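Before I ask anything, let me first share the structure, which is written out below as structure tokens.
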Amino acid sequence: MIQPGLYHILFISAALFFIGVYGFFTRRNLVTMLMSVELILNSVNLNFIAFNKYLWFDKMDGLFFSIFIIAIAAAEAAVAIAIIINLYRSHKSIDVEQAEELRY
Amino acid sequence: MPNTTLILLIILLPLAGFVMLGIYGRKFFRNTSGVIATSLLLLSTALAFYTAYGYFFKYGKTGGVYQKLVPLKYTWLQFSPGLSIDMGIIIDPISVMMLVVVTFVSLMVHVFSLGYMKGDERFPTYYAFLGLFTFSMLGLVVSSNIFQIYFFWELVGVSSFLLIGYHYDKPSAVAACKKAFIVTRFADVGFLIGILVLSYSSGTLDFNTLIATLTSPQTNEYKNAIAASFLGISALTWGLVLVFIGAAGKSAMFPLHIWLPDAMEGPTPVSALIHAATMVVAGVFLVARLFPVFAIVVPSALNLVAYVGAFSALFAAVIACTQTDIKRVLAYSTMSQIGYMMFALGVSKYGGENGLGYTASMFHLFTHAMFKALLFLGAGAVIHFVHSNEMKDMGGLRKLMPITHLTFLIGCLAIAGVPPFAGFFSKEEILLAAYQHNQSIYWIALIISALTAFYMFRLYFQIFWNKEHHPHGEHHGEGGLSMMMPLVLLAIGAAVAGFIPFGHFVSSDGTRLDTGFHLQFSIAPVALCLAGIFIAMRLYKKQNAMPQKLAASLKGFYKAAYHKFYIDEVYHFITKKIIFNLIGRPAAWFDKYIVDGLVNATGNGTEDFSATIKKFQSGKVQSYAIYFLAGAIGLALLFIYIWK
Amino acid sequence: MNDFLTLMKPELALTGIIFLLLFIKIGKGMGNERLLLLIQVLLLLNFLTGFFFNKPGSLFDGMYLTSGLIVLQKNILNLAVYLISLLFANWFKKSQHMPEFFILMLAALLGMFFLISSGNLLMFFLSLELATIPVAAMANFDLDKKRSSEGAMKMILSSAFSSGIMLFGISLIYGATGTISFTEIPLQLHGSTLEVLAFIFFFSAFAFKLSIVPFHLWTADVYEGSPMAATSFLSVVSKGTVAFIFLSVLYKVFLPLQMLWYNLLVIVSIATMVIGNLFALRQQNIKRFLAFSSIAQVGFILVGISGSSIQGTSSVVFFILVYVFSNLAAFAVADAIASKTDAEEIDDYRGMYKTNPFLSWVLALALFSLAGIPPTAGFFGKLFLLTAGASKGSYLFIIIAALNMIISLYYYLRVIRAVFMEKNENPIEKITIEPSTKLALVFCSAGIVLIGLLSWIYDYIESLA
Amino acid sequence: MNLSLLILIPLLTAILLLLLRNAAQVKWVALAGSALQLILAFVLLYTFHQQRIEGNTAQMLFETTYNWFPSWGISFHLGVDGISVAMILLTAFVVIAGVLVSWNVTKMTKEFFFMLILLSLGAYGFFISLDLFILFFFLEIAVIPKYLLIGIWGSGKKEYSANKLALMLMGGSALVLVGLLGTYFSGGVHSFDLLKLAQLQIPVQTQMICFPLLFVGFGVFTALFPFHTWVPDGHSSAPTAGSMFLAGISMKLGGYGCLRIATFLMPQAAKEYATIIIVLSVIAILYGAFATMMQKDLKYINAYSSISHCGFVLLGIGMLTKTAITGAVLQMVSHGLMTALFFAIIGMIYERTHTRQVREMSGLLKKMPFVITLLFIVGLCSLGLPGLSGFVAEMTVFVGSWQHPDTFSRTATVLACLSIVVTAVYILRAVTKIAMGPLTESFDQLKDAAWNEKLAAIILLAAILAVGLAPNWLINLVSPGAEIIMQKMQ
């Protein structure tokens, strides 16, 4: 059994990041896109915690940071969902491709 | 010493007339303007005669040599410490002579116009213009500075322009005044550049200093001017040739003569004043002014003057034989006579006996002013009478206009060179000078003198003899005293001016020059001239078919001469076709489509580019995010790998 | 404790107002007119008191910093918000949810205050989010308009995405340096590849907020969709804040990477000016037009920032001050017209001078100021930015910037042309504006003319910087 | 004398204009303001002259400095030398004439006069500032009034022309700005003060970069080929006073800038680039003249001829001799007065005939003797008739240019001289067509000039004659300034 090192975790978080990015780019459903953003944020959390644990374990900066990120992500999601609901009211859809009126 | 105030008054009185009549004439002096202008000029003339008397007989001579006096010099425009345009007065034989000629002829014209222009709507304007012209011409002749002469040179050109275009509602007059101005303007550019060259070479613009510097071989300026060369010709030669181009333009020398015949569109007294007696000889005067430099330093330039003068004289004489408009005949005759003066200068040398040509030229200028003004005014009286310029409308006027007839005849005799009239003496001297220094020109001159006699008497007979005149309706006599008096006075001048011992007063170096009368030498020219008169009499005294036959036998040549050898057409081709179509049009096209087009293209290009990149703003939030990430990663790569 | 009160005074005052509004909302409520008047008075007081009882210092172990300059910056923002409350009175009065709008706006402003004062990446992140999320809600305030919700959606998603990228960058910075404190980071930076990558990711969040190309694409859509008050808040207050913090982050925190960010700024500022201008050229909608023009303005701000000197700082702050007046005036005029006639296209403005000379002149002044034409303050602002930027001696950069001024002049003149020159059979009807709005417009105009000419204003800013 | 007055009076006039309600009051206030300014200009001339007589040989007189953005090295530094005094006089003359000919403007009268005065304010400020920053400030102040004057009160394709003018002039000033910034940073003193900068040795490398920027930038204002295309369109679309101000004042800003800033501060570069300047200016002179020949619209004729005439200004500057530079300044003054008068007359003709097409007019001399006589005079001035200002200026440029003995300069001068023939051609073609020939029937009822037009024309004519008949005062005024510029050259 290999002890997971920093690089493993970073690898996972990077993967998570790109999965999130990929999801954000390709999903048409607004809520799914929001979930993809959460994936990105979680990859960041993972980063912080890993750095804190493996490199800078004398202070708890990373840990705190990730806690705040989780909190903010919740707030952001709340507002985003509110907006999406509103969008649904007016557009009768939460497909991102239905909301492309503003352009050029 | 000369009285500066008086001399200044000679010049400024006509200017005062111009300013007063120009501004207030239409309001206050509608009818009196002629009298005002004439009396001003009378004063001016009297002063000119007084000055001439004083100069020639009292204070002008020092040690047997007439001095160049500069009683007034005012720095008008200082270019740099050495170079300045000074407004000055130079008093020397030729300027004094010119003062007399200009004021006198101008006075005659003023008086004549009182009758000739009576009732004209723009009477005050006419006199204002005459005043302006007289002022400019007087300013020109007394100029002490080469730039001053250019200054008045241009003013003279403008007043000529204004007077030619006096009948401004006639399109032909408008065309003529434009042509006169532009052609002389073209020549003036040569003059201007010539001035620049000379001033740079000599370091001064002042005539006396300039001549002194450039004729003394010790000065550095002289050495530099000779050494500096462009296209293998020395700077000085260039300068003089360029100045001569200016002179040729004003004096209607071939090929810059085309404006003169057209200038006859002006009122006839104006032609008498400007285009016969005074302005057109300005070129001769200019060459005479710079004569020492021409003669001593650059004989090659003087040769050019001689040949251009001789050719123009011959050329004009030939054309004059074929013209039917009496003023045009006179115009070509003027050109021919000025050619005479030019080549007289051209064959002259500086100083002493060798300077005969110079004296002769000035003498001819003087006498020519008398008889040519006379002839023009006579022609004016005729035109006034028949209301036409064409010979075919005239004939047999000798009974209807006895005084005009007589004076005109005197004029013709004088110009033809029949002794003892004025023209005989001056021509005699010119021929002698040519004979002494340049034989080929002498022969040409002889031919011209025969031609002159012929065409002048052709004119004379056509007007006063030939067919009988049938006046349509009532006619109003010869014109009043105001028209006859100048004719008579000028006729007297034309008859007796020749007896003045001109060489005593005017010579190339200011010393006294005795010009004898050489009987055996005069035989040939007088004989030729009588022959010319005789032929003219045979052909034109009675109405007959001979002139047509003669013309038919000379077919091609006659036609060419009648059309003034197509010089006008050549110019027309050059200006209209070449300058307009090959330079003007392309320049305008270039400006519109290339320069302007580039500016517009920049604007349009920007807009087009902006339209093509609008699709980046697609409205898709996901593609925004893609650009976002791509931007971040792209910048990161750029700075990590490339811009390290 | 005393320190806490004075140092955090701006934030505390804002918090107080927010709570007051909340109570009023929760309680029996108030008529829009009276409430608006109250808010205006409160904001005015807030702005005026902002000048007093200040002192520099730091709190919470350096997480919160303040200084004379920071107080000034906060006051500029206060002023902007106060002006917004006056200028858009028309819209506010009609709005059903006015208190909420103000609560959101002031909350965002609070976040901005903290942002400016932050001395720590965590503080930075928190306040940035606080400054962003309410704005997204504000963008959605025209509840019944499709465009409004579309704009808000784009804003919240884009900003969430950008937060993600930024946080990723921050996490890398943390990984590389082991600290999140602004004072300690520069000591640990060495210019390694990881740091460059981290910095650029971190930078992209600023770029997003400031609408720097290529991170700007959300801007125009959001501006167009949002109600005018939100748009102007977004374009003036939010941009100003980020520019302020950007200055101190670059100059203090990332000083060791100066070569890097200088070159970066040159590239993106050229891109921003060019793209912003090119897009602005062909806009018809006035809001969209102003959006792109403000993108181009940001390019100029970047020129000033790239100067990296005291003068860079002071010229940026000065420019923001000018920008507050000019941009708000322009938006206010557009709003006055749009709220009465629904005209938002530039072509609708044709011949407007005949019917509305006052509004036309204000609009013209504002646009001239934005274009940098003297004697308006915009001229001085732009010139100082360029001068600060030119201190590095890069001629090409400055020439490009100067040439961009011409393109921008072209499209500003397009509006002027429509207003003053073009003929129109049916120009916009005569619009009566609220007295308070009118007062604010006059104030803005006076500011536009005088801020530049009175040189002590600039001197004061520089003395603080 | 306090130079700030020269800025204050137009400023106060402008503010007063904004406060007025009544169109008649507006006109009189504008007239009074510009008359006051003219008087002030004369006072300035007089006191300047007195100072010089008393032996004050400082380069700049009446220097005043106010603090303004000290941290940038900017100060509100004013001062004049002979060149500036000449330009101020020119401006004052053109402004009052411009106000007078605009007496019949009915559309937005107040705004119109406000713009005129604002434009003049920019010009005055520009000519007296000794600080590059405020100089630039005033330069740009003058742009927008021009834009609005053309765009609102103009005719023809006015929007296009106004845009083109504003953008090209702004482009020019953008280049100037970059050049100024380069100068600012190269000196090492971080000062915009002209006199301070003049004492420094600006590194040649910087000069080589900044000089073209400054010269081309200012050159755009003064119709440097090929950046002249705003001139024809701008002038022809502008209202009468607008064209007068454009040609009479605005184009002079460029020439003055080229001289005072570019050449004065960067003599080495000026020498290096002289060849290019000369070539461009000769092209402008000839090409402008030939292009004029093909124009049919009176305003276009005068606009293109302005390109040609302004070429003489640049030629004089490019030749870099004291006489030539003096000539350049004279040409600015002369051309300013002359084109202003020309445009005023074109305006009068247009107001009556409602056409500017040369071929549609004929024989107008009969109906409008005053106007057409002036048209003749100004035409003659344009083609360099002695006794009028054009002659003096052109001749000074020619004489100055001829002082270079090399073939290149000589050729350039000769080519420039040739243009005076072309000038004669186009001026005479136009003027004789309009004035002479049979009267066009439809113009039977035309009236001659009204009092305001007469007054305007006479004021300008008086100035033209004052320069043309007695040029030495102007030369003595200007040439010490040129001398100083040349001294820096050594």
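The chains carry the letters A, B, C and D, assigned in the order they are written, with residues numbered from 1 in each.
Criterion: contacts are C-beta pairs under 8 Å (C-beta built on N, C-alpha and C of every residue); 3 or more make two chains touch, one makes a residue touch a chain.
Predicted model, so just to flag it, every value in this text is computed and none were measured.
Participant: If I rank B-C and A-C by number of C-beta contact pairs, which comes first?
Facilitator: Between A-C and B-C, contacts are more numerous in A-C.
Participant: Any idea which chain sits dead centre by C-alpha averages?
Facilitator: D
Participant: Per the centroid of Cα atoms for each chain, what is the distance between chain B and chain C, given in Å?
Facilitator: 77
Participant: Return the distance between the CA-based centres of chain A and chain D, expressed in whole Å.
Facilitator: Whole-Å distance between the two chain centres: 65.
Participant: Would you mind pulling out the distance in Å between where the CA atoms of chain A average out and where those of chain C do?
Facilitator: That gives a centre separation of 27 Å.
Participant: Based only on mean CA positions, could you tell me how far chain B sits from chain D in angstrom?
Facilitator: It comes to 36 Å between the two C-alpha centres.
Participant: Please set out, as single numbers or ranges, the residues of chain B touching at least two other chains.
Facilitator: 603, 614, 617, 619, 621, 625, 629
Participant: Tell me, which residues of chain A touch at least two other chains?
Facilitator: Residue numbers touching two or more other chains: 24, 33, 96, 99-103.
Participant: Out of chain C, which residues touch more than one other chain, so two or more?
Facilitator: 153-154, 157, 161, 165, 220-221, 410
Participant: Just spell out which pairs of chains touch, all of them.
Facilitator: A-B, A-C, B-C, B-D, C-D
Participant: In the complex formed with chain D, which residues of chain C make contact?
Facilitator: So the residues of chain C touching chain D come out as 311, 314, 368, 373-375, 379-380, 383-384, 386-387, 390-391, 393, 395, 398-399, 402-403, 405-406, 409-410, 413, 416-417, 420-422, 455, 458-459, 462.
Participant: Per the contact definition, I'd like the list of chain C residues that touch chain A in the complex.
Facilitator: Interface residues on the chain C side: 121-122, 125-126, 129, 133, 136-137, 140, 143-147, 149-154, 156-157, 160-161, 163-165, 167-168, 170-172, 174-175, 178-180, 220-221, 224-225.
Participant: Spell out the residues on chain B that touch chain A in their complex, using ranges where they run on.
Facilitator: Residue list for chain B touching chain A: 614-615, 617-622, 625-626, 629.
Participant: Sort out for me which residues of chain B touch chain D in the complex.
Facilitator: On the chain B side, the touching residues are 26, 75-80, 83, 85, 147, 150-152, 154-155, 158, 165, 168-169, 171, 173-174, 177-178, 181-182, 185-186, 188-189, 192-193, 196-197, 199-200, 228, 230, 580, 583-585, 587-588, 590-591, 595-596, 598-599, 603.
Participant: Inside the complex, what are the residues of chain A that reach chain B?
Facilitator: 21, 24-26, 33, 96-97, 99-104
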